[in-house]
Amino acid sequence: GLLSGEEDTAESQGGNGSVEKSTITVAHLPSIDVAPLYIAKNEGYFEDEGLNVKIEQVASGQAATQKMIGGDADIVQSSYVPFLLAHKGSGADLKIISDAVSAAPDTFVLVAKKGGDVKSIDDLEGKKIAVSALKTISDTMVMSAMKTNGLDYRSVEFVQMSFPDIPSAVAKGQVDAGLVIEPFLTMGAEEYGVTPIADVATGPTKDFPLAGYGALADFVEKNPKTVAAFQRAMERATEDAQDRAVIEPVIQETAGIDATTASLVKLPNFHASLDASRLQRVPDLMVEFGLLDEKLDIAPMIVQPSAT
Amino acid sequence: MKPLVRNLVGLIAFLGLWELVVRLGLVQEEDVPPATVVLTRIVDLLGQEAFLRDIIATVLAWLIALGIAAAIGIPLGLVLGNFPRVRLATRAVVEFLRPIPSVALIPLVLVSIGGGPEAKITLAVYAALWPILYNTIYAFDEIDPLLIDTARSCGVPKAGILASVALPHAAPFVFTGIRISASVGLIVIVSTEFIAGSNVGIGSVILEAAYGAGRTDIVLAGTVVAGLIGYLANEGLEKLSGKLFKWHKATTAEVA
Amino acid sequence: MATMLEVSGLYHRYGGGENAHLAVNDLTFTVETGQLACIVGPSGCGKSTMLRCISGLIKPSGGEVSLHGDRVDGVPKDLAVVFQDYSRSLFPWLTVRQNVEFPLRWHGIGKDERRERAQEALEWVNLPNVANKYPWQLSGGMQQRVSIARALARRPALLLMDEPFASVDAQTRFELEDLLRKVQSAHGSTILLVTHDIDESVYLGDRVLVLSKSPATIVADLTVDLPAERDQITTRESAEFVSLRAEVARLLQSGAKTPAEVGGS
Amino acid sequence: MATMLEVSGLYHRYGGGENAHLAVNDLTFTVETGQLACIVGPSGCGKSTMLRCISGLIKPSGGEVSLHGDRVDGVPKDLAVVFQDYSRSLFPWLTVRQNVEFPLRWHGIGKDERRERAQEALEWVNLPNVANKYPWQLSGGMQQRVSIARALARRPALLLMDEPFASVDAQTRFELEDLLRKVQSAHGSTILLVTHDIDESVYLGDRVLVLSKSPATIVADLTVDLPAERDQITTRESAEFVSLRAEVARLLQSGAKTPAEVGGS
Amino acid sequence: MSENHGVAHDHRPGAGAPQDTAGGMAKTAGVARNFLLKWSLAIGLVVLWELATLAAESAFFPRPTEILAQAVDVWFSGPASHLFLADTVFDDVLPSLGRVFGSWAIAVVLGVALGTALGRSQTAMDYIGPLLSFMRAVPPPALIPVFLVLFGIDNTMKVVTIVFGSIWPIILNTVDGVRSVNPLQQETARAFRTPRRYWVTMVVLPAAMPKIFAGMRLSLSLALILMVISEMVGVTNGIGFQLIFAQQSYEFPTMWTWIVLLGVLGYGLNALLLAVERRVLSWQPTRGAADAKTTGV
C-alpha cells in the first residue's frame, strides 16, 4: 500500500500461464547499465513473455543481492565482483542468468584535475585515488591498469567515495585522481573541468565484463520457464539498446539527466548472452588482485537459456 | 518582535546565508546549489504525485517506528528506572547494543527480515528506542522521593506508583526523549531508504537523484523536505507537551 | 482499650561507615486504639524518622513496630501521613481535588463518593473553593491544609502527622485542632502528631511523649487528664492545662540537656 | 530615623482573565531603617506575595515599592530572604556550608572569610557540626535554620523572613528570636518578618502589621513599646506584652471577619 | 538492595550490601553476587546466540565463538613488542577513537553551551529554535556530500559529521534541564542578586546536570554510530571503514568482530561516563546511601 509503494492489485498469476512465477522483482542500482531492463519493460517485452516485472532501485550491488537472499527480490542486477564475493561469502548459491554490460573504450576512466600534477597513469604511484567502493571492479581495474603499465599499484591509496562526489573531490584536489563512469565522466568534464588521464579498460581489461543479472539457484531451479522468459526479453531489449536513438530517451528518464548530457555520454557495451570464457576473466582478475583467495570456476554459475 | 517573526527571521537568515555563500562562489553551484534553486525544486517536487507518495511512505514508516519505540521504551524505562537490579542486570546488554550503527545492521536485516518497509521500520525502532528509554530512566532518577513516599503511605501498589507518580513525573522529559527519537527515527528511515534502496520514500528519491545523474538540487531538496518534516513534527510535539504539561511549566522556572 | 501500636527498642541509623548518623535510639512505647498522642522534642532529634519507621516507609535499623500485634513490614493498610514537608508531598500535576482524592482511588471507592469525601475534607480545612486549582497556586498554609484534607479524606485507622499546623495562622490552627479532635472521635482514628507547640501538644493530646535531643529517646510519657471535650478558651485557662504545659516545657529543657546526647548536632 | 522602605498602593493579581486572583490589595506602609516589623495575617491572605513584591522578585500589578526613596525595580542590593518553603530554597547539590557561603561569593569576600562567616552563622543557628552534610540529610527544622544562617551570613541591610521559625522547637525558637534581635542591632538591619505566632510578633517586633483576610489590606499598624532589650521570661510576663498580644489577636479576629473580604480563600 | 524503599535508584554496584556484616567472606560473596547480577543476562544471551547461530548456519550470522576467534586473529596477531596488538589496533581503532572522543567532546561543550543559551533565553530560542529542529531531522548520510564539499575529505569532515549527528540529544536535554530549575531556587538566586556567571555555573547547570548526563550518554553512542557513517567515505582507515569494508567483502565474521568492538567500546565508554556521573551527581538524594533516600518527613 502506501507504505511499501507496491500496487495493491492481486498477484496476476501469469499472463498466459507459460511461466511458473509471473510477477518478479528485479533490484538494481541506478546507472546507465540497466537501460535494457527498462526498454524491456517499456516496450512490453516482458509482458510478451508473460512476465510482470517490478523494478526496485537499490544503492549497491551488495544491498541488491542481500535483498534477494532475504527473499525480497527475485533477480538482481549487480556488478560481477560483489556478486561473486556474495557467492563465495554469503553461503547462498547464486547463478548468473544474463549478462548486462562490459567496458567500452573510454567509459571506465581515471580523471584528474585539468593542468594538475597527474597527467597520465604514470604519475599515479603513491597517489590518492577515489573509487566508488573498495574490493570492487573499480579499484581492481585501476590496479590492473597500473600493473600493465609496470607501476607499483600497492603504493596507491584508494579512498571510497560515491561516483557523484568524485569529480568534485578531484577538482578540489582532495584526491589526486578518481575513477568514474558515465554519466559522471561527461558531467564531471562539463561542471568541474576534470580531465581523463587513462582508460582502465584497455589491454588485459579491454571489454571487461562489468555487470550482469543474477538469481538464487533455488529460484532458477524452481522457475526455469520464468528465467528463460526473462532471458528472452532481455535479449530482445539488448538488441534494441545497440541503437543510441533508443537508449538516449531511456537514460534521460531512468537516470534523470538532460538531453545534452544524454547525447554526450559514452555508452558501455550492452550484452545479454552469457559467454563463460569471457566471464571467467572476472574471477581470474579477482584472484590476481587478492579479492578471491582461490580460483573460481564461473561456468557452473552460468544459466544458459534453454534451447526452446 | 513576535516569536513567529523571530522564527522567520532566523530561517530567512539561514537561507540567505546559504544563498550568499553559493552566489559569492565560496562553494561551487554544482556542489551545493543555492537555496533558491533547492526551494524551487521542492515546490516542483511537491507538485508531483509520485513525490507525495514518497513522503507518505516515509512518514508512515516513521510513525509506525516511533509508536513501536515508544511502546517499548516507556514501559521498559519505567521498569529499569524502578528496579535497580533489573537495570544492573541489563546494563551490559543495553550499553553493548546501543552503539551498534544501523548501517552495519542493514545487510543482516535485509537477509533476515526482508527488504520491504519492515527493514527500515526495524532499524528505526532500534535507533529510536534509546532516547525514549534513557530519558524515562533519568526522569525517574530525579523524582522527589517524598512523592513516592506519599504514594506508598496511601497504600498505592507498586504498579500504581509507576503509573500514577513515576509516569506523570517523567512525562515531560520522556516527551523530550520522544522528540529526540522522532528525529533519529526519521534519519534512520531516510538513510535506510538511501542506503538499502526502497520502492518509495524520500531516501530513494535522494538515492536516484544522487546515483542516476548527480542531481544535487534534488538530493538537497529531498534532504530539506526530510528536515521540514522533522521540524513540523517537533513543533507539533512541543505544542502538545505544552498543553499536556502545564503543571510542569508552572513548577519549573522557565523564564530567565 | 486495645493496643493499636507497639514500638519496642526502635533504633535507626542513617548511612553507614564514618558518616553514619544515629537518629533514633531505643524507643519503646505503646499507643491505644483511638488515642491521640502528641510528640514533642527538639529539632533534629528524630521525630520524623520515628514516624517514617512506624509508617513502614523506612525499615528501622533495629527494634520493632507492631500494629494490632502484627509486626509492621511494609506500609500498613489504613494509614495516612501528613508530611512535614507538605508542599513537596503534593502532586503538582494533580489539582487540589485530585490530590485529595488520590488515596481514595486505590481503595475501590466510587467516583461520586470520592468527590464527595474530597469536598467534605476541603470544607473541614476551610478551603471549599480551591478544588480546581493546582497546589502551586496556593499559599504555604493552604498547601498544608490540602495535605491535611488528603489525610482526613482517607479516614485512616492510623494517622501520622508531622507538624501539621506549622504554617497556618493562629486562628486557623485553633479551628484545625478542634477539627482534628472531632474527626478523631467520629472515626475512632488513632493519631500520632508531632508538634513544636507545647500548648498544642497538651491541648490536643490524650498523651504527650517528650523526646530527648538527638538521638531520640523517650524522656517522659505524660497522660493528659483534661476532659475529652475541650475548648480553646476554657481548656487553655484551666489549672490542669497550665501545669501540664509547664511540665512539658520543663521536661523538654531537661531532655535537651541530658548527658545521653551522643551524635553531634 | 530614615525611612528605609516605603510601600504605597501595592496591589497584586495572579493570572489573568477568569482565573485571576487578587492576592494583595492597596497596601501602604513604611518601615524605618533598623526597624524590625512583624507581619501577621490569616493563611493565604497575601503575606508571601507582599514579601515577593518588596524583594523585587515579582513585579506588582500596581502600586509602588521604594527603598531609601528609590523605586524598586528588580531585586535591591543588600537583600536577603528566608523563604517560607525553606527546603526547596536550599540547593541540593551544595553542602550546607556551600549553601550558606553561596550569597557571599560575588562580593569580593575571600575564601577564608567566607568560610568563617558561614561557620559563624551556622553556630548562631546552633548547627555547628553539619557544614559538610547535604541539606536533604537534615531534619526539617535544621534545613530551616540553614536557610536562616544563609540569610544572616549575608549581613543584609534588608532582611525579609517568611515564617522563619515555623519548623523549629519552642526552645530553639526562643534562642533564634533572641539571636535575630541581637544580630539586627549589631548590623543595623531592617527586618520584615512574617509569623503566625502572635506572641512572637509582639516579642520580636518594633512594629506589628496586622493584615486582613485575602486580599491583604492593612487592618492595623501597632507600635510595640517594649524595651529594646527583651527577655523571654520577663518580657512575656509584662503587662504591656500581654495587652499587646491580646490586641493583635483581637485585630486578627476582626480582620478575618471584615466585610471587605472578596475572593474567598 | 533497599527493601526499605519502594523506589531505589542505586547505581553503585554493591550499594546496599549489608555494611555492618561486611566481613571478608560476606564481601567476597557480595562481589560474586554482584558480578553474577551484572553479567548473567549478557552471558545467557551470548549462549543463546551461540545455540541459535549453530542451528541457523547462516553466513551472515556467524557463531559468537567464531567471532571471538576472528577477533583474536584480527586484533591480537601483533608482535610482542606491541603487546601482541595487531597493526589494525594502531591503524584503525586508535584513529577512530580519536575521532569519536574529539568530536564528542566538541558536541558536549557546544551542546551544553547552546542548550543553556536556548533554554534560558526565549529570544535565542525564537530565532534559532526552528532552524535547529529542522537541522536535527536532516539525515547525515545525505549531507555527507555537502560536508565533503565544505570541509574536504579529511578529519574535519568526519568531525563535523559526528558533531552534527550527535549534538542534538545534548542540546535538547540541556534545554530541558536548564529550564527545570525549581522556581524557588531561581528566586533564591535572584534574591541574592546572583551574577550571571554564578547563576549559570552554580544553579542552572547543577540543576540541569542529571538531564545533561542522559543527553551525553545518548550522544556518546550516536557519536560511535556516526563515526561509522562518516568513515564510509574518503578514508582508508578506521573502525567504520573496516566494518563496511568487511561487509562489502562478505567477510561477515570480520564484520561482526568490528560490530562487537563497537559494542565493547560503547559499554566501556559508558562505564567511564557513568563513573563520572556518579561523582558529579552524588548530591542527588536518590543516589545517596540506600537508606538515606528518604528526605526529612
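To keep things simple, chains are lettered A, B, C, D and E as they appear, and every chain counts its residues starting from 1.
Throughout what follows, contacts are C-beta pairs under 8 Å (C-beta built on N, C-alpha and C of every residue); 3 or more make two chains touch, one makes a residue touch a chain.
Owing to the predicted nature of the structure, the values given are computational and were not obtained by experimental measurement.
A.B. asks: Chain by chain, through touching neighbours only, how many steps does the shortest route from chain B to chain E take?
C.D. replies: Minimum step count, chain B to chain E: 1.
A.B. asks: Sort the chain pairs by how many C-beta pairs are in contact and tell me the top one.
C.D. replies: B-E
A.B. asks: For chain A versus chain E, what separation do you get between their C-alpha means, in angstrom?
C.D. replies: Averaging C-alpha atoms per chain gives centres 40 Å apart.
A.B. asks: With chain centres taken as the means of their Cα atoms, state the distance from chain A to chain D in Å.
C.D. replies: Using C-alpha averages as centres, the distance is 83 Å.
A.B. asks: Using mean C-alpha positions as chain centres, tell me how far chain C is from chain E in Å, no decimals.
C.D. replies: 46
A.B. asks: Give the residues of chain B touching no fewer than two other chains, as numbers and ranges.
C.D. replies: Counting only residues that touch two or more other chains, chain B contributes 28, 31, 107, 111-112, 144, 146, 149, 152, 194-195, 210, 216, 251.
A.B. asks: Could you list the positions in chain E whose residues touch two or more of the other chains?
C.D. replies: 5, 58, 60, 145, 149, 182, 185, 187, 232, 244, 247, 284-285, 288, 292, 294-297
A.B. asks: Please list all residues of chain A that touch 2 or more other chains.
C.D. replies: Correct list: 62, 90, 162, 164, 168.
A.B. asks: Once bound in the complex, which stretches of chain B touch chain A?
C.D. replies: 28, 30-31, 53-54, 56-57, 60-61, 64, 106-107, 110-117, 194-201, 204, 207-216, 218
A.B. asks: Across the complex, what residues on chain E touch chain A?
C.D. replies: Checking each residue of chain E against chain A gives 57-60, 145, 148-149, 152-154, 232-236, 241, 244-245, 247-252.
A.B. asks: For a test of understanding, state which residues of chain B touch chain C in their complex under the given definition.
C.D. replies: Residues 144, 146-147, 149-157, 160, 164-165, 168-169, 171, 245, 247-248, 250-251.
A.B. asks: Residue numbers of chain E touching chain D in their complex, please.
C.D. replies: 182, 184-185, 187-188, 190-195, 198, 202-203, 206-207, 209, 283-285, 288, 292, 295-297
A.B. asks: Could you please specify the touching residues of chain A with respect to chain B in the complex?
C.D. replies: 2-6, 27, 29-31, 56-60, 62-64, 66-67, 69-73, 90, 162-164, 168, 183-184, 187, 191-192, 254-257, 261
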